[in-house]
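Quick one: the structure is below, questions incoming.
Think of it as A, B and C in the order they're written, each chain with its own count starting at 1.
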Amino acid sequence: MIALLVRDLRLAVRAGGGFGLGLAFFLIVVVLVPFGVGPDTALLSRIAPGVLWIAALLACLLSLDRIFALDFEDGSLDLLATSPLPLEGVAAVKALAHWVTTGLPLVLAAPVLGLLMNLPLAGYTALMISLMLGTPALSVIGAFGAALTVGLKRGGLLMSLLVLPMYVPTLIFGAEMARRGAEGLDYSAPMFMLAGISAGALALLPFASAAVLRVNLR
Amino acid sequence: MTCMELRVENLTVSRGGLPLLQGVRFCVASGQALILRGPNGIGKTTLLRTVAGLQPAVSGDVSVDLDEVCYAAHLDGLKTTLSVEENLRFWADVFGTDDVETALERLNLNELRTRHAGTLSSGQKRRLGLARLLVTGRMIWILDEPTVSLDAASVALFADVVRAHLARGGIALLTTHIELGLEDAQVLELNPFEAKGGANDSADEAFL
Amino acid sequence: MASLWEYANPLKFMRTSERVLPYVAGAALLCLVGGLVWGFFFTPDDYRQGATIKIFYLHVPSAMMAINIWVMMLITSLVWLVRRHHVSALAARAAAPVGAVMTLIALVTGAIWGQPMWGTWWVWDPRLTSFLILFLFYLGYMALWAAIDDDDTAADLTSVLCLVGSVFAVLSRYAVNFWNQGLHQGASLSLDKAENVADVFWYPALLCIAGFVLLFVTLVIIRTNTEIRARRMRALLAREQVA
């Protein structure tokens, strides 16, 4: 399992697309927002938590189709499926690798982009915690979507259509938590909900992903 | 030495709801190799995938210890950005073994060990894919066209590897179009098992 | 009495359902025409909402069906995953577009109703938003069916999607409630009649709901039989090629 994680991380670093692209995309989306809504700092600081959350979510989505597709194309997935690793574990580890290469950098970069969006000082803690709790759920849900569409020629667009509705609860609680933090309100309720969703998704979705992968491999 | 066998009874396999082979039966005992032959499209790959447990059988039985199976497909599952050694090391870790050095040695990959797999020729990639068999430490090899794109010297090398595997009591089930020079390998022609139109074992039977 | 599972055989299902179909279709037509005519022309206007109340006879049944059809798909998906009866998977496939259209009807009639009542076509109210999300789930489900060539693979994948999607749809419902308390009135109908609309509206509405249910059954039978025939044709063609 650890070998698989190390391999996936190494591949992400070597391919050059893993860490860099998602982050760059996150930056660009956030930079585009003021062009769209105007440079009014009061408005920007009000919408900052939501914008940062949506940008993070889209950046996550961007790299999802690579979770299983590359391994499927070069035959590694067949070999992994016949290896001693349980496929549930493979699905979980691959989602984890996706989170480390995509979600974690987003969490770390978010405060810098918060500055650009004029996020109120009070909001940084809540933003960081919400992303830290929420991005794992995005990766696991995304891995399920990627597993569903792994055998398809043009699965990317379809995967977005399948995954995005499932992102709704995570987005709502995550953005709500960041917003409440920015407004100096108590954010414990959305935080618990967000943590609950992440924990539930982490515990259950790898089984669904593995079941779906088995179907796609036969 | 562990004694094991790979037994297939009255197996029907299908692809995309279409029955390909029916009534396949064979038995390979410890130390034996079985070579499957048949024209393209008869269902060799499907049969191998079914035996390897990747695909459910339509009917019939496959009795094999799946924890001893090592499957190698057309594709070698290599990561182009990892070096030869890293590729092998990964599979060794996954299968919980530590025999990368011998595998590199046996398939003559020592000089290539630091090269990225993406820069290898297709024959060299194939050799790396076969080296993976050795690091898995498993006894039942299921090989789909292992000799594709190998030159004569590499084929001989591969035949030696298989022979040594059989001598250890291993089992090999493979498809190939060329003569490997394995002295006592059995050959199974798949033509007689080709599914006929009237076959009633298809997955779509319920609709007919 | 033969077991219910006997009808899981596609041909048996097709023969039986086609015998029943005319009666179901007729009853659907009767209920719908009866309920709508009664509702539109023979009930008084609401004292607050005026004639706009009439859209209630379309809005409420379609909204109920939108949710119930998803539940039906969830059940048939489970049956497919557990017992692998083809009819079950095909019925789920057949129901999805009907469900999507019901959701769309509920959304559109809701917008038409909302315009004079709330002064706007659309608000991000929890109920409206959850229906929009439900619609997206229907779309994703249908898109996945359409994208996969192999029928059994498609049935397996969409069934798992339906299970996982249901969990997330329910989660979304609660998340959306948390996110915004809405303008939408409470449930219009419940079994507790004290809470309910007056009898004059209630009876034609019941008839309309019965009509929508029967319409759904009719459409699903027709569409399932179409799927069975298409599948049968592919199986026969494949057989010809082999022979």
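Basically, a residue touches a chain if its C-beta (ideal position, glycine included) is under 8 Å from a C-beta of that chain, and two chains touch if they have at least 3 such contacts.
Quick caveat: nothing in here was measured; it's all calculated off a predicted structure.
K.L.:
Any idea whether A-B or B-C has more C-beta pairs in contact?
P.N.:
Result: the pair with more contacts is A-B.
K.L.:
Suppose every chain is reduced to the average of its Cα atoms; which one is closest to the average of all protein Cα atoms?
P.N.:
Smallest offset from the overall C-alpha mean is found for A.
K.L.:
Between subunit A and subunit C, what distance separates the C-alpha centroids? Give it in angstrom.
P.N.:
The mean C-alpha positions of subunit A and subunit C differ by 32 Å.
K.L.:
Determine the centre-to-centre distance between subunit A and subunit B, using the mean Cα coordinates as centres, and give it in whole Å.
P.N.:
Going by mean C-alpha positions, subunit A sits 37 Å from subunit B.
K.L.:
Need the CA-centroid distance for the pair subunit B / subunit C, whole Å please.
P.N.:
Measuring from centre to centre gives 48 Å for this pair.
K.L.:
List, in ascending order, every residue of subunit C touching at least 2 other chains.
P.N.:
Residues of subunit C touching two or more partner chains: there are none.
K.L.:
For subunit A, which residues are shared contacts with two or more other chains?
P.N.:
In subunit A, residues 218 touch at least two other chains, as defined above.
K.L.:
Tell me, which parts of subunit A touch subunit B in their complex?
P.N.:
Counting only subunit A, the residues touching subunit B are 2-4, 7, 10-11, 14-15, 71, 73-85, 217-218.
K.L.:
Within the complex, which stretch of subunit B touches subunit C?
P.N.:
Residues in contact with subunit C: 16-19, 195-199, 202-204, 206-208.
K.L.:
Can you tell me which positions in subunit C touch subunit B when the two form their complex?
P.N.:
It is residues 9-11, 86, 149-152, 228, 231-232, 234-236, 238-243 of subunit C that touch subunit B.
K.L.:
Taking the complex as given, what residues does subunit A use to touch subunit C?
P.N.:
That would be residues 141, 144, 148-149, 151-152, 155, 158, 161-162, 164-166, 168-169, 172-173, 176, 189-190, 193, 197, 205, 208, 211-212, 215-216, 218 of subunit A.
K.L.:
Under the definition above, what is the set of subunit C residues touching subunit A in their complex?
P.N.:
By the definition above, subunit C touches subunit A via 133, 136-137, 139-140, 143-144, 147-148, 153, 156-157, 160-161, 163-165, 168-169, 171-172, 174-176, 178-179.
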